[in-house]
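As written, the chains take the letters A, B and C, and residue 1 is the first residue of each chain.
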Amino acid sequence: MALRAALRSKCVVSGLLSSSSRHACVSPVLRAQQRNNSTSSKIKVDFDQSSGVAVMHMQSPPVNSLSLEFLTELCINVEKLEMDKSCRGLIITSNQPKVFSAGLDIMEMYGKSPERCGEFWKAVQEMWLKLYGSNLVTIAAISGSSPAGGCLMSMTCDYRIMADNPRYSIGLNETQLGIVAPFWFKDTMVNTVGHRTTELALELGMLYSPAEALKIGLVDQLVPEDQVLTTATQIMTKWLAIPEHARQITKSMMRKPTIDKLTANREADINNFVSFITKDSIQKSLRMYLEMLKKRKA
Amino acid sequence: MALRAALRSKCVVSGLLSSSSRHACVSPVLRAQQRNNSTSSKIKVDFDQSSGVAVMHMQSPPVNSLSLEFLTELCINVEKLEMDKSCRGLIITSNQPKVFSAGLDIMEMYGKSPERCGEFWKAVQEMWLKLYGSNLVTIAAISGSSPAGGCLMSMTCDYRIMADNPRYSIGLNETQLGIVAPFWFKDTMVNTVGHRTTELALELGMLYSPAEALKIGLVDQLVPEDQVLTTATQIMTKWLAIPEHARQITKSMMRKPTIDKLTANREADINNFVSFITKDSIQKSLRMYLEMLKKRKA
Amino acid sequence: MALRAALRSKCVVSGLLSSSSRHACVSPVLRAQQRNNSTSSKIKVDFDQSSGVAVMHMQSPPVNSLSLEFLTELCINVEKLEMDKSCRGLIITSNQPKVFSAGLDIMEMYGKSPERCGEFWKAVQEMWLKLYGSNLVTIAAISGSSPAGGCLMSMTCDYRIMADNPRYSIGLNETQLGIVAPFWFKDTMVNTVGHRTTELALELGMLYSPAEALKIGLVDQLVPEDQVLTTATQIMTKWLAIPEHARQITKSMMRKPTIDKLTANREADINNFVSFITKDSIQKSLRMYLEMLKKRKA
């Protein structure tokens, strides 16, 4: 239901996706601003030099949809932090009420050219590669619902803290929309909750309440809604006390085989996505879904 | 114990395996009967065109042993349903009291020629390949004990509902009989309950009570004995509400690597089985097992 | 904390490592003694011919550190039992109070030549290969704390029983020391507790209380401290009742892929270890760790 609410809003704002976003450009001025504490339209990064911890606030109204523009900004910010020797930890959270991220922006998949779809998918891959393979300690401070791509982003982190509000949900629910989570979404989930839980979750497109997500291991900890970020900061301190080099090598050992699978198949994965998503039947089911949301709203 | 009871009965009826079963033939008349609601000697299929759900009742007294004849009938029925565009879901259950299936028929492994053993094993593979890779939603309505091959058949399904009766049990207990679950039995169990639980289960040949099976994830749900089939029907409705194409692709993504492993090694797997099962030492331990059962019965 | 106490003691006794241990020699007299119930300096084996069960008591004061000499003795003893047709089960336990094994001897990694480090690492590999691939039923009777290499040794066994004392702990805590558990430590842990638990455990170098270890499946059973060995003996009886050949084939099927990975990469793994451990930065962090322990003791 959280997803539906999210998509309802997303549907409304889809027109906001400007044509400039199509070239994933970030202006030189914006780049300059981002050097330290950056504020761009969709993402705000607070970096505390003394602790070495950056907090990335997603602030793209209404539901932090992962559009091409959003993903591009996110990747640029992560890359900058990754290259900054003084940065050791990254907390990802949302400034939008009730939602962490509603996931991939459906409007990037509906009625778009194959070229544009391919460009979009490459950015989704890039986000995953950057975050799942990050040398930083990454903690997801999941302050609201986190369906589909929002769940994927959460799963790339080293640790997940979620607001203990039963109205929120998290999961890879792509199947419910008639689309398919690709193999690397699946691999990430198998690495997190195991094979059988993933099979059930993906076949049914399940969204879990925070309590259920904790039970199956999809999140690591639940805290009251107003303590998500402070808890993330406390947990981060614990992680940063671990000898860094050994932790990084260990993280890489755990994740490299999964990352290598996508790296070796990026082009094929893009082609698969484009040929699937541009099918008449899939476009039709996306249209029906969007129309249903419009009706519900009305 | 459930297994022992089952085998005790099986032992008695082993003589019922007619020589005609050796050629795995299904008469033309039988084939004709099976086109819609079919009734053959060992399997009854009720197909409800309106819901798109078929219920396959195993009814081979006394314990639905998986003989060559039984497996052949089962595969023919599954294949027919698979090719019928109007069929979307398959519930597998048993009409025999207290037992879902006692598993592979020991009499097919004892005192048989290598050729016959190979033919039998190929049918076991075929059953697994058809069910584990089925495009249908498959639900096991486990109305009684389900050892060995019965457990394997259950694990091929998308969802498992078991009668909550502590006298029933389920598990891959081959080791207890001195035989070995092959790699694809093992892979299926690892995919269901994870590596360590499978290691313990297979090394000890463990049979689990319904409560234990639920705890380790070997079954998904327990219900009172008289509600197994009705619950399966309700759960099926939920599964059929999922966009079908996306669900099928997802299922294939989860299971294809496991299926490909057997497909690429069918001949070698048959040879392994035949050379193992026809060993004097194994035949001797099967004989001792059967004699022990006879004595118990007397 | 158990580890720190253990290492504190180990630090003190490091001078006891005699130069003779560098050649991993075992005198002919010692070999003769070991034929039946053997007593060598570091390991005592009680073998009961009637039951077919050997109990290996680790008795290297103060904390059963896995030095080259210790590992060599251990491997010789395991190999002898493995070749003895009358031996079917092996229980591994400790005669030292409060500790099962404190793991790899840090003094074997600090200030040693690359050749010596390589020799040491080869012995660690050998211990793992022998135990993880053993045809015997192996049970760890974990009578005290079991960090790092002690945890690895426990995980190689078929079954783990731990003393239910909250002051004891178990886990692969290498990262805490600034070193890295290699891929086969990781693989063994993934096979035992799954991918995500292993990721968390290894990145944070976690040590678990017995209750926590039971919860995540790192051990199989907790018993009062004075019942660890008697329980192990009872459980062994249950395992030995399983048809042996089928159990051995099953165990091999579960573990062979993991064993093959190391067997195919032993030299590279040794080179990796040596080049990592002899780095100035790693030697420095080991020195700081040892100095910290000395200060704590003072």
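In this text, contacts are C-beta pairs under 8 Å (C-beta built on N, C-alpha and C of every residue); 3 or more make two chains touch, one makes a residue touch a chain.
Chain-to-protein mapping (UniProt): A, B, C = Enoyl-CoA delta isomerase 1, mitochondrial.
Predicted model, so just to flag it, every value in this text is computed and none were measured.
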Minimum number of chain-to-chain contact steps, subunit A to subunit C: 1
Cα superposition angle of subunit B on its copy subunit C, in degrees to the nearest 5: 120
Computed distance of Cα centres, subunit B from subunit A, in Å: 41
Of all residues in subunit B, the ones touching two or more other chains: 194
Contact set on subunit B toward subunit C in their complex: 174-181, 183, 186, 194-196, 198-200, 202-205, 281, 285
Residues of subunit C that touch subunit B when the two form their complex: 158-159, 190-194, 217, 220, 238-239, 242-243, 245-247, 249-251, 253-255
